[in-house]
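Working notes for the structure below.
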Amino acid sequence: MPKPRWSQRSRNACLGSLCFLAAIVPGPLTAQTAPAPAGNHPQPPAPASGLEAHDAPNDAGRAVDLKWSLSPEDRPGAKRVVHYYVERATKPSGPWAVVDSVPAGTSTKSDQTVRRDTEYLYRITAVGPGGMTPGGMFGFVHASSQWVNTTRASVLVFSAMFFAFVLYFIRSAEKGKKPFVRRIAGIDAIEEAIGRATEMGRSVLYIPGILDIDDIQTVAGLVILESVARLTAKYQTPITVPVTYPIPFTIAEEMVKGGYLHAGRPEQYDPNSVRFVSPEQFAYVAAVTGIMLRDRPAAHIFMGSFYAESLLLAETGFATGAIQVAGTANVHQLPFFVVACDYTLIGEELYAASAYLSGEPKLVGSLKGADLMKIAIVTTVVVGCLLESLGIHALTLWMTTQ
Amino acid sequence: MPGLEVLEKLDRRWLFLIMGLLVLEPLMFPLALPLTVTRPVQGFVDAIDKVPDGSTVLMSCDYDPSGIPEMVPMTRTAFRHLLGKNCKVVITVLWPGGPGLVDSVLSEVAREFPDKKYGVDWVNLGYKSGNEAVMVVMGQGIANAFPRDYRGLDSRSLPVMREVRDYASFPLLVNISSGYPGTKEWVQQVQARFHLPMVAGVTAVSAPEYYPYLQSGQIRGLLGGMAGAAEYEKARGEKGSATRGMDAQSLGHLFVAFCILLGNLIRRRPAEARS
Amino acid sequence: MKRELPLAITAAIGVFMILSFFVPHQAVSVPADFLQASAIIVVAFGYVLGGANVLRVNFDGIYKRQPDWPYKILLLAGLIVTFAIGAIDGVEQHGGFLDQGTRSKWIYDNLYSPMSATMFSLLAFFIASAAFRAFRIRTVEAGLLALAALLVMLGRVPVGDLATHWLPAPARLGAIQDWIMNVPQNAAKRAILIGAALGVMATGLRVILGIERSYLSGEE
Amino acid sequence: MSLHLSHDFGIWIGAVLTLFIFSFLYKDNPFYKIAEHLFVGVSAGYYIILYWWTVIVPNLIEPLWKQLAHRDLWTGQPLLQARPGLFAAELGDYRGWLVIPGILGLLLFSRLFGKIGWLSRWSLAMIIGVYAGIKTTGFAQGDFVAQLQASLQPLWKAGDPAFTINSVIFTVGLISSLLFFFFSREHKGTLGVFSRLGVFFLMAGFGAGYGYTVMSRISLLIGRFQFLLDNWLGLR
């Protein structure tokens, strides 16, 4: 096997760039370029052409995008070009530094090693078994910072629209204009369950989910608890509320106490009705199923965030024969509630119920804002699908953010 | 009917026992039921195949030991798939319970490739708290969020990290995740923000939630649960723990289906009878 | 100081984060990156605090001789030993306390990992008994749910295709499963996804504007 | 098939603890309680030390130490490059500014001392601000606009009836499911029809979810049995 031999031209190139490359790129790169079997005296490949370099858009001046036309000898299977070096300089006279190498067949590259607002020249060097040939240079070009990311215009428009709706409805609700929210069937189901427990002279078990107060579902669960507590106090039906975390515990206590106060029977409040159990998932489940089996409440109400325990709670509750009403936005737990409960509030219905019952402007406003947005979404879907069917893609393209 | 009466009062521990035996039996005496590779899994395979050989791929393994049976076979096959293509792999873990497990799995696979060196061909950057915040910080520099790797080495000094700056350095993100933080957050914070193509391997519980992402092209392929992992193994010509578990999985599903039907059959009477 | 300042901090930072999504300029992106990097650190402190809380609560439980207090001694022993060994390992390994071969890795592999994996595997048993005892098909909706569940459950595993291999390919359980997942369930999931996105955005807006303050409650 | 019992003491511990937890299926008992409490203790200890070594030390203490002491934290060697400018921050290198998250992190511990507990709100406010911002934009782009954009698809394609049927079913399903969650009007008339249709799609979706959840749970059990059979008993 004859020793690899470099053509004169590539040796010159080595002085310019390859030596620099050897300094910054680890071994394998240079190793690939070295073996050039001398037997058939290969020539260096024809150069790449038509290089264009532009500041990468929508960034903080961290990249320059390059595009070029392949060397005419870069064809699949031809093996005349192995890869291209992307080279960069700050002066037309050089020195040229290799920024990166890309495999043959590649005609784009983003140079991310630039300094912001520095002027650069670029050239693409085709490298093959016969040596290397630099193409024409392009420049000057510099990477600059942009103030607006234009690809996200559609996100901005839709978000701004939605935020405007929400704020408008919150304001108008605060001014006392109560917007219409339809009564949710789940609320009737809750009242029915409490009524049934009263008839049977048994208690009501209320579970506001298993998460802490920072979860919005827990908040909704506690809001609904307030109305439930008012009803149980009115009917003089005992209520049990086992809670997982300290803060929801104190709030739940307030809610139940408030319920008795509202019914004019503060003395009937049982301090043992709201219980702090444990944040540990399985310990909590064990305690709650214990209450279900021992105290036999006639109604179980689950409102909040639930995870794997939904299955265990709903099953045990079902086996005791109690009326069960559930509500959660944790979609993967909904199937277990739907099959084992008499009524289930699905996803947003939980928030809607809490808004309906409390009438609080911030909740009602958000709900109405989301409703109006849904009209906009349905309209967009209908119009967009028709446009797409007719072969008009403008709307879809504008909404593309990637 | 007295027979149904007995069934209705059946102690549930009998059901536990049957379930246990049904899962145990095929693990000891396999039935070798045939598998077909479904479209979402094929998408996963194709997306990795399409990555240029030798490029650097980001792989985030966001799970902990409770996800072992579903996540570990996916991690193994995907890591093997990537190393087999001479890709360099940068691994992150966003679940606190996961880093030790993930490192064991990766080291075990890496031993099959004697020429692949830690720090040169792959690196385990280990765990970082902060969920979405970590993902966004990585967008300005991977090593900014992970100054040291799992082994306590300075990650900027590792050869594999020298060619990595931020998400633009990767042609693909492979995410293997059991929940939050996981595929949803990677789609929202990274795929959408930084336009990084991604594929996901997820637990069966969360798989249905990600079908909308699959249809929209936000993820290119999806492995759902152990069945997804088994199909991936089949597509790669491997016979791993997921493939071996598929028979037990089939029997388990049959039993649950049987329970649903039987339970409803014997309870056809009015609900009042219960109370 | 107790209420207004936190609200102002949340508002300022929240608005800035949203701004940084639309403005790539370094005048915004660098401070935003600093805030996110800081969040990583503060969150970590939060988890350490959580661990400290476990310590405190259980010491309390033992001191007050709560039920199960002897088990709590075991709990504390586990906590302190794991912590102490981890501290020593970390100093020896320059931070890589979980590296292959350390004592912490042994604890992780043989105590933490098997127990964590087994806790959730109990659910396989419970799901069977729930299917038997608490899955009732009384309404059209529940019937539809059950139908989809059965088709998907059987279609997703090899046994489904095996049982229907005599049918033409599009009518086999696997293909039906595929269709359910891609068409009806996908449509429903997308609706839920979009609805949930609106919910999160509305909540985010309320938190940033200080309309939602529930996270500050309870510690007056 | 024969037994090859493991000789690894650790595997035995893991197997015994696995069986302790499984004993809960029979009923709650002291063995289960031992495993449960040990698990809580070990994981709490593990979490504390994990956050210390993998986040607080490398992301906070080490860079601060380098900046202030000009030495490597572990070897004590002086750093080769001096890093002037305590507050001369640039992307990814925040130097003295890191004192801020350090203080905010420590303030969280004020919760352990009742009276000054309100100080932790500042840290909380900062975290919540960051996450509210990130999540709002993440959901807006990834789950809202991107999902909406992907829903704009042609309803018919000449010569492909399957595509047309599925596309129409999908679009009707999406719209009716969205309208099920519409609360500003009673569900009567056309809206009633749509929301009723929406319920059907949602139920099909939940059914699929049920099936997949069953799959996940059974997989977990398979995993534990594989551990017991392969690693512990060594059945081959």
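Order of writing sets the labels: A, B, C and D. Residues in every chain begin at 1.
One rule holds in what follows: a contact is a pair of C-beta atoms (placed from the backbone, for glycine too) under 8 Å apart; a residue touches a chain by one contact, two chains touch by 3 or more.
In this text the structure is predicted, and so the values were computed from the model without any measurement.
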Winner on C-beta contact pairs when B-D is weighed against A-B: B-D
Identity of the chain that, by mean CA position, is farthest from chain A: B
Rounded Å distance between chain B and chain D, as computed from the means of their C-alpha atoms: 13
Chain A and chain B: spacing of chain centres that average the CA atoms, whole Å: 18
Separation of chain C from chain D, taking each centre as the mean of its C-alpha atoms, in whole Å: 4
Length of the line joining the C-alpha centres of chain B and chain C, rounded to whole Å: 15
Junction residues of chain D, two or more chains touched: 25, 36, 40, 43, 47, 50-51, 54-55, 58-59, 91-92, 128, 130-131, 134-137, 139-141, 143-144, 146-149, 151, 171, 174, 178, 180-181, 202-203, 205-215, 218, 220-221, 223-224
Contacts with two or more other chains, residues of chain C listed in rising order: 21, 26, 29-30, 33, 36-37, 39-40, 43-44, 47, 94-96, 98, 108-109, 112-114, 116-117, 119-120, 123-127, 129, 131, 133-137, 141-142, 145-146, 149-150, 153, 156-157, 181-182, 185-186, 189-190, 192-196, 198, 201, 203, 205, 215, 219
Junction residues of chain A - those touching two or more other chains: 152, 155, 159, 214, 282, 331-332, 335-336, 338-339, 347-348, 374, 377, 401-402
In the complex, chain A residues that touch chain D: 152, 154-155, 158-159, 179-182, 184, 214, 280, 282-283, 286, 331-332, 334-336, 338-339, 346-349, 352, 367-368, 371-372, 374, 377-378, 380-382, 384-389, 391, 395-396, 399-402
Contact set on chain B toward chain D in their complex: 13, 16, 19-20, 23-24, 27-28, 66, 68-70, 96-97, 99, 126-130, 132-133, 136, 140-141, 143-148, 184-185, 187-189, 191-193, 203-205, 207-208, 212, 215-218, 224-227, 241, 244-245, 248-249, 252-253, 256
Complex contacts: residues of chain B adjacent to chain C: 10, 12, 15-16, 18-20, 23, 33-36, 38-39, 64-66, 68, 96-97, 99-101, 103-104, 107, 126, 128-131, 133-134, 136-137, 140, 144-145, 148-153, 193, 208-209, 211-212, 215, 224, 227, 246-247, 249-257, 259-264, 267, 271
Residue ranges of chain C touching chain B (in the complex, touch as defined): 21, 29, 33, 36-37, 39-40, 43-44, 47, 93-96, 98-100, 105, 108-109, 112-114, 116-117, 119-120, 124-125, 127-129, 131-138, 146, 149-150, 153-154, 156-159, 161-162, 174, 178, 181-182, 185-186, 189-190, 193
Complex contact set, residues of chain D against chain C: 10-11, 13-15, 17-18, 21-22, 24-25, 33-60, 74, 89-92, 94, 97-98, 100-102, 104-106, 108-109, 111-112, 117-118, 121-137, 139-141, 143-144, 147-148, 151, 166, 169-174, 177-178, 180-181, 198-215, 217-218, 220-221, 223-224, 227
